[in-house]
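Here the structure is laid out as structure tokens; the discussion comes afterwards.
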Amino acid sequence: MENNAFYVALSLLFSLDAALFQIVMLSLQVSLLAVLIAAVLGFPLGAAVALWRFPGRGGVIVMLNALMGLPPVVAGLMVYLLLSRAGPLGELGFLFTPGAMVIAQVVLVLPILAALSRQKVEEMLGEYREQFVSLGMSRARMMPTLLWDARFALLTVLLAGFGRASAEVGAVMMVGGNIDGVTRVMTTAIVLETGKGNLPLALGLGIVLLTLVILINAGAYMVGELTRRRTG
Amino acid sequence: MKKTLNLVLAGVTAMGLALSAHAEDYITLASTTSTENSGLFDSILPKFEEASGIAVRVVAVGTGQAFELARRGDADSLLVHDTAGEKRFVENGYATERADVMYNDFVLIGPESDPADVRSAKTAAEAFAAIANAEAPFTSRGDDSGTNRAELRLWENAGVEPGGDWYRELGSGMGPTLNTAAAMDAYVMSDRATWVAFGNRQNLTLVFEGDDVLFNQYGSLLLSEEKHPHLKHGLATKWHNWLISEDGQRAIADFKVNGEQLFFPNAK
Amino acid sequence: MTSLSASHRVSSTIAPPPALRFEGVTFSHEDKVLLGPCSFTLDGIGPTLVMGPNGAGKSLLLRLAHGLLSPGQGKVSWSGGTPPRQAMVFQQPVLLRRSAVANLIHALAVNNVPRRERGKLALGALERFGLAACAKTPARLLSGGQQQRLTLARAWALSPQVLFLDEPTSALDPAAIKAVETAVHDFHQRGTRIVMTTHDIHQARRLAGDVLFLSGGKLREHTPAETFFNQPVSPQAQAFVAGELVE
């Protein structure tokens, strides 16, 4: 029985284990905060690239699209070199803290949010452009209108970003260090337990993580549907 | 709109506070996966914290990466198992002092059927030669870790240059390498602690142990204050001294898995 | 009702629009001249009906006049130099993914109408166009006729001096067409210059004060409606009014 991952997952969930609770909460805090910061930066960036024509715009779009596939461990390495004592931001003492993990995940999620929102906003702009010009709107004024009107599409983009953040392990392992009680999150705990050969426990943690991600997606879907029905 | 913005800002601030490190005294220790995976730290760190009030945050990586972390000033203390590398670290001025802390040993793990007949070997050199002659599958860490370096020295002792289809370099930590060996029915060299605590053995079993050349020494290093003045040298010195003190040595000896002692204290 | 009559009083004070002048305006795409060169001046409040067969360049002319497109050659200008407050109603209503009233409030906001005045202006306009009951309805869930009325209400709330309408009724049923024509009449009453394209000659007869007639990208005549429908000057217009096929 204790070798069955589903049994392990269920007993993990129902025992309300304090250590597990802490790991789950940290995972959620780090990934949600990272996605929030990435959205605040990435959505206006994506909308700006959709709105303005400037030299090198094609290059920016290609870069954003390519960076969507940035391997997490490379992002982790970059942030590590940045935050390491020998690196430019070493003085902050940020390495091996949850804050460092947030930064690494922002690096991973930002291109996804910017690239996908660029695409959504550009589609919508094609539909709205003449009306906007007719209303005398500047490009800067178009940005908030477009972002708000694309809100349902952007919610899906946000979920894609959250999926990437909560699923990755390479970056948080490298800059967080998987320190017990400090920077251990779901994915690094799974790697650790796999390393110990505790495969049922590792898979059980995986099922817990999957359950969480499903719950968050279901919640977002319901919120989206309800508001969509109310505001069209 | 302004209200929403304020709420969001308040939320972010609250989360930021929750995420920032605690104010308590702690040091960051760079150490190896073998010590972390065996559960040693779970056993001895609470005892040290109780005695000193200092929390130890363990970043468990390969020995090579642990040296790199310390060299860049990202760890306050270092506990690794590559005596030659540790001595070089002191010579190069990155550490001021090195002390023996404990040892365990490496063991040879292989499939129950033992196709290379390693069990009848008298020495480690014979055992490694038997695997090479039979061209039986062998999984190597291949990650320049302490264990990997020790393994390569043992092949040299056996007069074998490992290579060919049967020799698989994985580039992985000890645990993943054992998982792969279990899936492939391959031979593998492991530190005893990781092996004893390892949960996914399948057909694997211990096939050779006990030769003196399989000895695996762990050392603690005091890092250079000159190179990295910002490190918590005071707290790190307390940790270093506790490890080699009577209390620390007893705590290491008391750590057992399934009734088996995994690390043997040997501070001088 | 009081608020309606109040807004009526306000609306009758719309300043007369400056004259719109086209001087040798040409628009080309990939070396093909689609419109022009054409020159004319609009200085009354119309309604000016832009007529002509499909592909004559009616929509282009409207977009050049409204400033959505820039001419390749020639000049579009307003007397006095400053363009007047203007709005445009498109063939396909372009509405934001928000409620009907939010669409109007957005248009008012981007035109720098003070925040506290927006709600009242928006509701007043919705009421005038019979949309008060669907103020909270998502705009894109309204029927085609309601959507076009909503774009008219949006234009109304902005109190434009000039209103451009590009085939506003081509996708609508007769009842909805009637509502649009009534709206055009109301705008005209308020002192707004109307410039509207249509391919429906009967609609033009009902609405037109003067007619700009285009065919093959050329302006063939600009005459009062009376003249255009009874004694058209150009041979193309003569054929068009007679109901022949004109290219």
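Letters are used for the chains, namely A, B and C, taken in the order the chains are written, and counting of residues starts over at 1 for each.
Simple rule for what comes next: a residue touches a chain if its C-beta (ideal position, glycine included) is under 8 Å from a C-beta of that chain, and two chains touch if they have at least 3 such contacts.
All values derive from a computational prediction rather than experimental measurement.
K.L.:
Both subunit A and subunit C are touched by which chains?
P.N.:
Neighbours common to subunit A and subunit C are absent.
K.L.:
Which pairing of chains accounts for the highest number of C-beta contacts?
P.N.:
Here the largest contact count links A-B.
K.L.:
Return the chain label for which the distance between chain Cα mean and whole-protein Cα mean is smallest.
P.N.:
Checking distances from each chain centre to the full centroid gives A.
K.L.:
For subunit A, which other chain has the most distant CA centre?
P.N.:
Of all chains, C has its centre farthest from that of subunit A.
K.L.:
For subunit A and subunit C, let me know how many angstrom lie between their CA-based centres, rounded off.
P.N.:
Measuring from centre to centre gives 47 Å for this pair.
K.L.:
Between subunit B and subunit C, what is the gap in Å from one C-alpha centre to the other?
P.N.:
It comes to 78 Å between the two C-alpha centres.
K.L.:
How many Å are there between the centre of subunit A and the centre of subunit B, using C-alpha atoms for each centre?
P.N.:
32
K.L.:
Considering the complex alone, what residue numbers of subunit B touch subunit A?
P.N.:
8, 12, 15-16, 18-21, 28, 33, 36-37, 41-42, 57-60, 72-74, 173-176, 178-179, 182, 197-201, 228, 230
K.L.:
Mind pulling up the subunit C residues that touch subunit A in the complex?
P.N.:
For this pair, the touching residues of subunit C are 63, 66-68, 86-88, 90, 94, 96-99, 102, 106-107, 110-111, 137-141.
K.L.:
Over in the complex, which subunit A residues touch subunit B? Could you list them?
P.N.:
Counting only subunit A, the residues touching subunit B are 29-30, 32-33, 36-37, 84-87, 90, 93, 95-99, 102, 177-180, 182, 192, 194-199.
K.L.:
Using the touch definition up top, name the residues of subunit A that touch subunit C in the complex.
P.N.:
Per the stated touch rule, the residues are 127-128, 130-131, 133-137, 141, 145, 148-149, 151-152, 230-232.
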